[in-house]
């Protein structure tokens, strides 16, 4: 891996600058065409049926945006008699009709104090009017009908347009660099200390004749961190097979056990030592966070492993594991994207992969140019975020110092 | 079949889930896939349990070192499983008053809470070892931790109001600004890491889990 | 340490640097236990993030609906149970309607335990407040599997995740749940969280997507990672650990268990700080000796 | 002795069993550990059965079956059989010859996770945090917020610089990355310090249990 920087390299970034520029203008769209409330124009004046309690006012209706349809939200302002007194409102009844002035039917009621109701039985593309009736022991009062509204199915969630564009831009950037990396050699990737140490840590286990224990976190396969950890296990297992070190993988989820077995088996096969693999290297303990920690603590003390890997999604047990492994003199290489647990790994372990480094680990260890290319794609993502931050901050600062009226980029998201 | 089907399946499912985030009618598929996940996990737990019992039964059978504890594992498992499945009122097995609840409160809970409480000791030993002013980075770590530890409990009040208040204020300030800044950088980095890993998985570049390099 | 060149007897500082961690453990257990036998009351100021939670509840008009999600298990009871009790006290004092749910299997049991305690108090002391009625003033939806997926589905329709409450009564037959389709019909969400799924998921899946108002009580570990959310306004406020709970109890003018545990905590903190200071003195003394 | 009293005694003894680990590994701890592993594995097995398998799989099928028998209709809940199919593929691992079929289920799960977390993380961890950082650097009349905002922008910026993989940390870029590391360290230290409180409270809870519930030394 060596650094290459020339003017050609810089020119290749041009498409991205263009994309970024486009990206700055598109996101304004959703705020321009956002769903608007339909308010009854003459809602201020209200018709009173029974004089006793004050009626609810300002009945507004709105299709629930960005859903698959079939529902309408009705909101109103409470009767001024809601909350106490002789005319205290006991509940509100909600009426619906397809005509403004007739045919109202009760579709539900709410307790006193409520100011909104969702009509879940609205048919798509049918216009409805709504009325609210306040009910008190002294009598009832009815609001004016609302404006008409119809529920509709949305085919694209406009409030997520920015996210959509950003997904495309970053996704494309990563894809682009993966493709480019296929034809390009010598992509520079900076050193990551925790991953440089993996070779030594595995070798140490061979020298000492003790085990390597690999802990893939406590979450199931529905976490990207577990998936990242399992791919790292693949690289570690291959090294272990080459160095003829003993590897043990106790896990706390059945699906993770199955996956880890596939991965370790394949790694031993690729290293040319399929005979050295057996299923007992990967075993299940319990689904429980602290019982798992208790069992691992016992394992550490009894086996005295040379190396312990703690990679994946961890919670409170992180420090229990790290401190116990430390007390038996094991080298510990940890990695997690859990911001709450990073401090403990940093304090107690020899090496820690911080957040994003965990996801970069498998690419880094594999040295596969395609995977390394994706890391460069990530950097483009960071670059876009940095650019947005700088421009956004400069705009707002200029606004506050010089009284300009530049757009607030934060609003676009 | 062995290699291609998993790759295609991952790609299709992954892309569907991304699309569902933007196209509301796809939500139905999203919900369905998520339910299937729980069903698969519920089936898979049998594999784990079988493995656990086999390992411990092996210990017992071969009279390995510490074999009596293998027996304890198996008996503990059978006790709570049989009671939970058959003798605790079915679905309401966790209601106060059931035998399952009793085992939970007096066996599971004390063990779990105590294991958790061990952290109080490990936090002390780890901070004693790690918080030394070896270099600039370590000093930053030490200072931030120290101010937070003192500032977040009213130790200061034993000395004087002024000191306690100053410490509390600086603890709050550290949490609000430099801490938040560091945290944010980590979080944004993680977002890109997840996006990139997810993409590599969907594109089939990382497929060790299906037995491919 | 260079044992060969340094033949002299080990000094106090040297011993301290390589102290057996079990000695530290001993000090901790004493520091925590002894103060438990003394009754004290410490005064603490209420921090803005805690005040944020208090205000979010206090500013709701009577009759507003509050959804409280219990996302913890007995492991975190020392920290979160006092908060749960305070939340109930506050909500019922202000005549708010409470909807209880849990993303953790044991969550709703925790809620029942807290409710029991608060009702007993209400019966004993505050005769002005009527005992809340099930189905009208509060409802317990129970646990449902699915983690963040549950949050997401409830954003469309509560019924997608909870066709019935914990007792099996369909939501449509519960007076309190009339007209509650999704988060639009809830005025505030409170979340008591000890990990995953918890506050982070509520922020990601409910606040970011459905724009609801959220305040949370967290274990002290989790709370710092929620600060960025408070700063961006995604969270109205957060109670962090026992101290947050104690501050909230004080804001509510109802000091309870969290306040009384604070003394133990303060002493234990003092012991750890002392060890860190001694460790650094030892470290610098030894370094000086080496260089000279 | 009532069941409750016996329960408290068992709980207290197991509590001491786990604590004994702090001194050194011993049979008392080994017993508590083994019991814990067995009990907890069973606990989650039962929970999985009643709270996942039954409502997510069984109930949906029962619904469809009922519909079929009473109304003769085939309703959409049958689709949950596909989930069950993937589940059974998983179990087929026990049959060595066709064990590879379980990879289909794994592929399905991994795909779901990747797709779901792609957008979620980008939104909450990415966009939301970027938006939160966009603050004016100069806030009229409020020096505290001005400095604070400056620190947040500088800290987030330099912290992100540290995470760049494809550029060597040299020169000005390296300097920025170094400042970024300082912010990371402050973040770690502050979170560690903040957490100590929480950990102490757990121990307080256990000691309170021993002294109050078990020994009844504290009223």
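Going in written order, the chains are labelled A, B, C and D, and every chain counts its residues from 1.
Quick note on the criterion: contacts are C-beta pairs under 8 Å (C-beta built on N, C-alpha and C of every residue); 3 or more make two chains touch, one makes a residue touch a chain.
This one's a predicted model, so the numbers in the text were calculated from it and none came from an experiment.
The two chains most heavily joined by C-beta contacts are B-D. Separating the centre of subunit A from that of subunit C, both taken as means of CA atoms, is a distance of 22 Å.
Subunit B and subunit C have centres, each the mean of its CA atoms, that are 18 Å apart. If you average the CA atoms of subunit A and of subunit D, the two centres end up 13 Å from each other.
For subunit A, the set of residues touching two or more other chains reads 67-68, 160, 163, 167, 170, 222, 224, 227, 255, 258-259, 262, 285-288, 290-291, 294, 316, 339-340, 342, 344, 346-347, 354-357, 360, 375, 378, 382, 385. In subunit C, the positions touching at least two other chains are 21, 25, 28-29, 32, 75-77, 105, 145, 156, 221, 224-225, 228, 231, 243, 265, 268-269, 272. Contacts with at least two other chains are made by residues 18, 21-22, 30, 32-33, 36-37, 39-41, 43-45, 48, 52, 56, 90, 93, 103, 106, 109-110, 112-114, 116-119, 121-124, 126, 128-133, 153, 156-157, 160, 163, 184, 187-192, 194-197, 199-200, 202-203, 205 of subunit D.
The touch graph of these protein chains is complete, with an edge between every pair of chains. If you check the complex, the residues on subunit A that touch subunit B are 66-68, 153-157, 160, 163-164, 167, 170-171, 174-175, 178, 220, 222, 224, 227-228, 230-231, 234, 253-255, 257-259, 262-263, 265-267, 270, 280, 283-288, 290-291, 293-294, 316, 319-320, 322-324, 337, 339, 342, 344, 346-348, 354-360, 362-363, 368, 370-371, 374-375, 377-378, 381-382, 385. Within the complex formed with subunit B, the subunit D residues making contact are 3, 6-8, 10-12, 14-15, 18-19, 21-22, 30-46, 48-50, 52-54, 56-57, 79-80, 82-84, 86-88, 90-91, 93-94, 100, 103-119, 121-122, 124-126, 129-130, 132-133, 147-148, 151-160, 162-163, 180-197, 199-200, 202-203, 205-206, 209.
Contact residues of subunit A toward subunit D in the complex are 3, 160, 162-163, 166-167, 170, 187-190, 221-224, 227, 255, 258-259, 262, 285-288, 290-291, 294-295, 297-298, 301-302, 339-340, 342-344, 346-347, 354-357, 360, 375-376, 378-379, 382, 385-386, 388-390, 392-393, 396-397, 399-401, 408-410, 413.
Those residues of subunit B that touch subunit D in the shared complex are 2, 5-7, 9-18, 20-22, 30, 32-50, 52, 66, 69-70, 72-81, 84-85, 90-91, 93, 100, 102-123, 127, 131, 136-138, 140-149, 152-153, 173-192, 194-195, 197-199, 201-202, 209-211.
Listing the residues of subunit C that touch subunit B in their complex gives 19, 21, 24-25, 27-29, 32, 42-45, 47-48, 73-77, 105-106, 109, 112, 145-146, 149, 153, 156, 160, 224-225, 227-228, 231, 243, 262, 265-266, 268-273, 275-276, 279-280, 283-284.
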